[in-house]
Amino acid sequence: MREITLSQAVNEALAEEMRRDPTTFIIGEDVAEAGTPFKVLSGLVEEFGTARVIDTPIAEPGFMGIAVGAAMTGARPIVDLMFGDFIFLIMDQLCNQAAKTHYMSGGKLTVPLVLRTNLGATRRSAAQHSQSLQALVAHIPGLKVAMPSSAYEAKGLMKTAIRDNNPVVIFEDKLMYQDKAPVPEEEYLIPFGQANVKREGRDITLIGTSSMVQVAEKAAELLKADGIDAEVIDPRTIVPLDEATLLASVRKTSRAIVIDEGHQSYGVTAEIASRLNEKAFYHLDAPVLRMGAMDVPVPFSPALEDLTVPTPERVAANARKLCAGEMIDAA
Amino acid sequence: MREITLSQAVNEALAEEMRRDPTTFIIGEDVAEAGTPFKVLSGLVEEFGTARVIDTPIAEPGFMGIAVGAAMTGARPIVDLMFGDFIFLIMDQLCNQAAKTHYMSGGKLTVPLVLRTNLGATRRSAAQHSQSLQALVAHIPGLKVAMPSSAYEAKGLMKTAIRDNNPVVIFEDKLMYQDKAPVPEEEYLIPFGQANVKREGRDITLIGTSSMVQVAEKAAELLKADGIDAEVIDPRTIVPLDEATLLASVRKTSRAIVIDEGHQSYGVTAEIASRLNEKAFYHLDAPVLRMGAMDVPVPFSPALEDLTVPTPERVAANARKLCAGEMIDAA
Amino acid sequence: MATTSKKGKTNSEAYLRMYRQMVRIRTFEDNANQLYLSAKMPGLTHMYSGEEAVAVGICEALTDSDRITSTHRGHGHCVAKGANFRAMFCELLGKEEGYCRGKGGSMHIADQSHGNLGANAIVGGSMGIATGSALRAKMMGHDDVTVCFFGDGATAQGLMYEVMNMAALWSLPVIYACENNGYSEYTKTEEIAAGSITARAEAFGIEAFKVDGQDVLAVNDLTQKLVARCRKGEGPFFMELDTYRYHGHHVGDINREYYRSKAEEKDWKENRDPISRFRAMLVSEGIAAEDEIEAINAEIARDAEDAVAYALEAHYPDGSEVDMHVYAD
Amino acid sequence: MATTSKKGKTNSEAYLRMYRQMVRIRTFEDNANQLYLSAKMPGLTHMYSGEEAVAVGICEALTDSDRITSTHRGHGHCVAKGANFRAMFCELLGKEEGYCRGKGGSMHIADQSHGNLGANAIVGGSMGIATGSALRAKMMGHDDVTVCFFGDGATAQGLMYEVMNMAALWSLPVIYACENNGYSEYTKTEEIAAGSITARAEAFGIEAFKVDGQDVLAVNDLTQKLVARCRKGEGPFFMELDTYRYHGHHVGDINREYYRSKAEEKDWKENRDPISRFRAMLVSEGIAAEDEIEAINAEIARDAEDAVAYALEAHYPDGSEVDMHVYAD
């Protein structure tokens, strides 16, 4: 199968859906001629014109609100938010307006929009351009949240998101834009709420989101050397969350680590771990372990930044301890 | 001991601290003559004048930003945010600016400010005036988060918050403003990160935040009739979180329910439950149960709204099941 | 009277409809207030009484395919855009037959069938929505216009400037209608708004107008012109409408002398009431006789009474609805 | 020359300081760019070259107790407000001896000792901070003034209008300094700013000025006047400074002909360079001889080289610092 970058995968998904549905459009900063600073949208304005690939002023709350209004009245906006950190600026329009309109109207109004943004540290971009804020939006009923872990997911989830009749937030990993993966030429969609078992294993389940799927896979490779057979699962969407697949795995392996690049406290790993604990409690041989980013703003200095995120080595080390029954904390 | 309302307790705390420290001031909408819509600040403008009790236009991001700047340069602002739901509007100033400045400046700048706001549903105020958004701010390193459960806590935690050198968010329960509790005449402060064991018990630990402490206490009363002896704990601050007290209790009782009025998914209960699972795993006889608000926008209709929040009856019912080993889900 | 020339037979019907719509709003609000005072309504609500000429003057210049966004003080907009009393009262009481199945209530009432995209409990929160509706119209080649209602207080929200900038850059068919009733909650407008409100719109290159919001014809005339210009691609526009709310900020705001005098309230009610003024004009111009007017009023009163009775008896939504409509299929 | 009368012996020192500061900024940026191109600097950075007269003209009218807030394009402000090269380069390289112990980097560099409250990576994000600093000054009876630097692109952020409204209502000692360099990222200002930028401030009752941002004396003169008026309680003020960035949006933005022509860049560099212009004036007015100027330039070049060498050798912070400074004691 041909391999394309995550960036190309997103671009293809957008182009295909925009061809398919004339009510779709892209709105955001420097999305047209510049194709975004990450160049993910290159070529789209040439095909679809500036009426459907709309450059905005630097006014995130404004263009988010505009997208909500367009979505409520029959269009399907795709909002481009240059950095995930800017979600803080649009929370009101996203969480008070977009997320609640369908419910508050008793089902009469819908807000079919996609918010494309990103996550991920270790780009030396410091505290306001490196956050992974998926936990915040996952907490708000009415929003769906997708976290593609490769070009394949990025394309399939994006297409599903655009066709979904709800506000969907998609977090792409900034560091993965140039990563290639096999992506079919034929059209495909990835349904929301279906986790992907990336690697089967018997001894421990490693659940990773987005960037952390690769980390989990690398950790699984490291663990092989120790004779530990790790299962790696990518939930793909955290809202809805495919509990069944996660539970089935944990019931089999009896051990789990949940890995996410957002801050650990009050983060995504807490929810997933809690559900496993609640619903697979009697199958667990050890507490479900969480590995999020450190609870610190992301530091600029490379010497510090690299310490803040989970790495394959640290995941493997924790997995070894869990499998050896060495979780002293839990005693 | 005299009893005063939660509203009076907050008012006293503010007045005392404003007398003590001339760099403190209050800023927000209708805080001066009107004393806020909840009348919590009545009388303060008469004592401190409009230079220190400052009415603003309806510009939440603006006055939050102004507070950050004032705090960075030597004042100690107390920001009044009329409804907790408006946190969405100020997230950038709170989370990208206030929370990170100390860290980003390598410890050189500090942002000593208090954000007073509220939480709580069942006031028939619908989806944009009823949210309990503590999980969002608790996720952001650099912020402290206090959740007073009575007039006593409201006063003691507020005074501590004002003297703290960091941004602190305090959530008051809107429905509790008129509730009275014994509050000493003498000055006292309640340190952050010290949970309060409201009721000792052997069989199960009920951990409640803010409004949910009363729910837990009432549930404990109900459980008495069944011969179940519940311990009730109020963490008082969720950042920092007094893990030690919670763990000690759970190690004793072997069972716990965590109750919070925010949405359950990706919410506060997930973090607390995860920590208990991680660190008291081998002492647990049953999974730690979480009870948050339903994952739905808060509906207006009384017939629906009352279904969305944990009640003493529902807590007690779950506690009975846990104690009877009936958590079928967990099997 | 300067407007006489524009009147005459052909306008009679339109005038009577405007009169009727203003009375419908006033009557709706009086009943809603009564429901609150008699503890039959859950929560609080914000009365539109006094501002009728604004909603009616504007909405009568719109068609059902034109959209509006409304505010926390939204009953007037909802009635003016064509809603019926039963579904409105049911919504205010949290009943299943309400416009939003009881889920929205007073602060989120919406009536999609008439183009009302909904009240909003975030001050200024609908400014993006209105602008987005207008962007959609332009992008999809529709000729509908969107009116964004908001108060003087909402002009303090930065969102307004962000979306006005884009509306101006992209020539969107949106009209920003600032209902300046002199207060935001318990604070006078001059204490919270520096400079000039219309100049703020003009600074973005948006044509802005000030109009007497108690004169339904003046409001309607201006709106008709602006709507027509919007349809020709000449939008956006900005209107500041001078008006007044008769009640407190919300139904529970009873003792308000600390922020506004009884004399001031009396003056507006007695000398600038939009309904009495228009009624007098209708009679003096021979468009309607006193008894016809009274008959209209009586019919509306009955209609409201019926609707209240109906809503009080109506069912609450079933508990199973609580987690419906979180997500659309 | 219109400004001749104001010059003379007494000003020589001030002029030379301004010249020196402008050259320091240019030299700093050239070195920073070199560090990036040679892959010695982590991350990206935004060059201030071309805009030196803005930062210097303004900051030379301030004292150390006056505050500024800065932007993502913040090295110029930092140097102009008095920072030293070593601590700056250490910060850009993430070293322990940097102004922020390496935690902030280029986009968050702050220098509290000289009143620089910090660069900000959120466009417009510091507008509230600057206004709050001014509120603090007024409330506590201090006479310092705060200058808020931001770009033309930042005028699209609603926050600006929210805080200008309050600054105007409360007469705060703050000066909003809009560095209009014609672009925000890869977009021309006219495509993202409707109407007039100064009119937007004026609509809030704020006196606004347009000034040639390539003329350090014009900038300095105006700022001196406004600062003095701020100290007398006559603030706030707004300045729009016409200027130009020589490099791309950031150091990595090399191929930029699709959004701006080489001819345009050449024109600004050759005909409006703030440093050459001022240098020529210093020489022609007899304030400094060519060789004195060259000596200044050389000294600054050496200073920068030393600082770069120092910073390259300096230590990274110890890993144990990673969770320090999350909370203040």
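Letters are used for the chains, namely A, B, C and D, taken in the order the chains are written, and counting of residues starts over at 1 for each.
Quick note on the criterion: a contact is a pair of C-beta atoms (placed from the backbone, for glycine too) under 8 Å apart; a residue touches a chain by one contact, two chains touch by 3 or more.
The model shown is predicted, which means the values in this text are computed figures rather than measured ones.
S.K.: Farthest from subunit C in C-alpha centre terms, which chain would that be?
M.R.: D
S.K.: Could you compare the number of C-beta pairs in contact for B-D with that for B-C and name the larger?
M.R.: It is B-D, judged by the count of C-beta pairs in contact.
S.K.: Please report how many Å separate the Cα centroid of subunit B from that of subunit D, as a whole number.
M.R.: 41
S.K.: Report the inter-chain centroid distance for subunit C and subunit D in whole angstrom, where each centroid is the mean of the CA atoms.
M.R.: 47
S.K.: Indicate the whole-number Å distance between the mean C-alpha point of subunit A and the mean C-alpha point of subunit B.
M.R.: The answer is 29 Å.
S.K.: For subunit B versus subunit C, what separation do you get between their C-alpha means, in angstrom?
M.R.: About 37 Å separates the centre of subunit B from that of subunit C.
S.K.: In subunit B, what residues contact two or more other chains?
M.R.: 56-57, 59, 61-62, 85-86, 89, 92, 96, 103-104, 126-128, 141-142, 294-297, 299
S.K.: Would you mind listing the residues of subunit C that make contact with two or more other chains?
M.R.: 100-104, 108, 120, 122, 125, 156-159, 162, 165, 169, 191-193, 326
S.K.: Quick one: in the complex, what on subunit C touches subunit B?
M.R.: Residues of subunit C touching subunit B: 42-44, 94-95, 100-108, 120-125, 153-154, 156-158, 184-187, 191-193, 258-259, 316-317, 319, 321-323, 326.
S.K.: What does subunit B use to touch subunit A in their complex?
M.R.: 85-89, 91-92, 94-96, 99-100, 103-104, 126-128, 135-136, 138-142, 238-239, 262-263, 265-271, 273-274, 277-282, 284, 286-290, 294-297, 299, 327, 329-331
S.K.: In their complex, what parts of subunit C are in touch with subunit D?
M.R.: 156-162, 164-165, 168-169, 191-196, 199-200, 202-206
S.K.: For subunit C, which residues are in contact with subunit A within the complex?
M.R.: These residues of subunit C touch subunit A: 67, 69, 98-104, 108, 110, 112, 117-118, 120, 122, 125-137, 139-140, 146, 158-159, 162-163, 165-166, 169, 324-329.
S.K.: For the complex, which residues does subunit B have touching subunit C?
M.R.: Where subunit B meets subunit C, its residues are 29-30, 33-34, 37, 55-59, 61-62, 85-86, 89, 123-129, 294-297, 299-304, 307-308.
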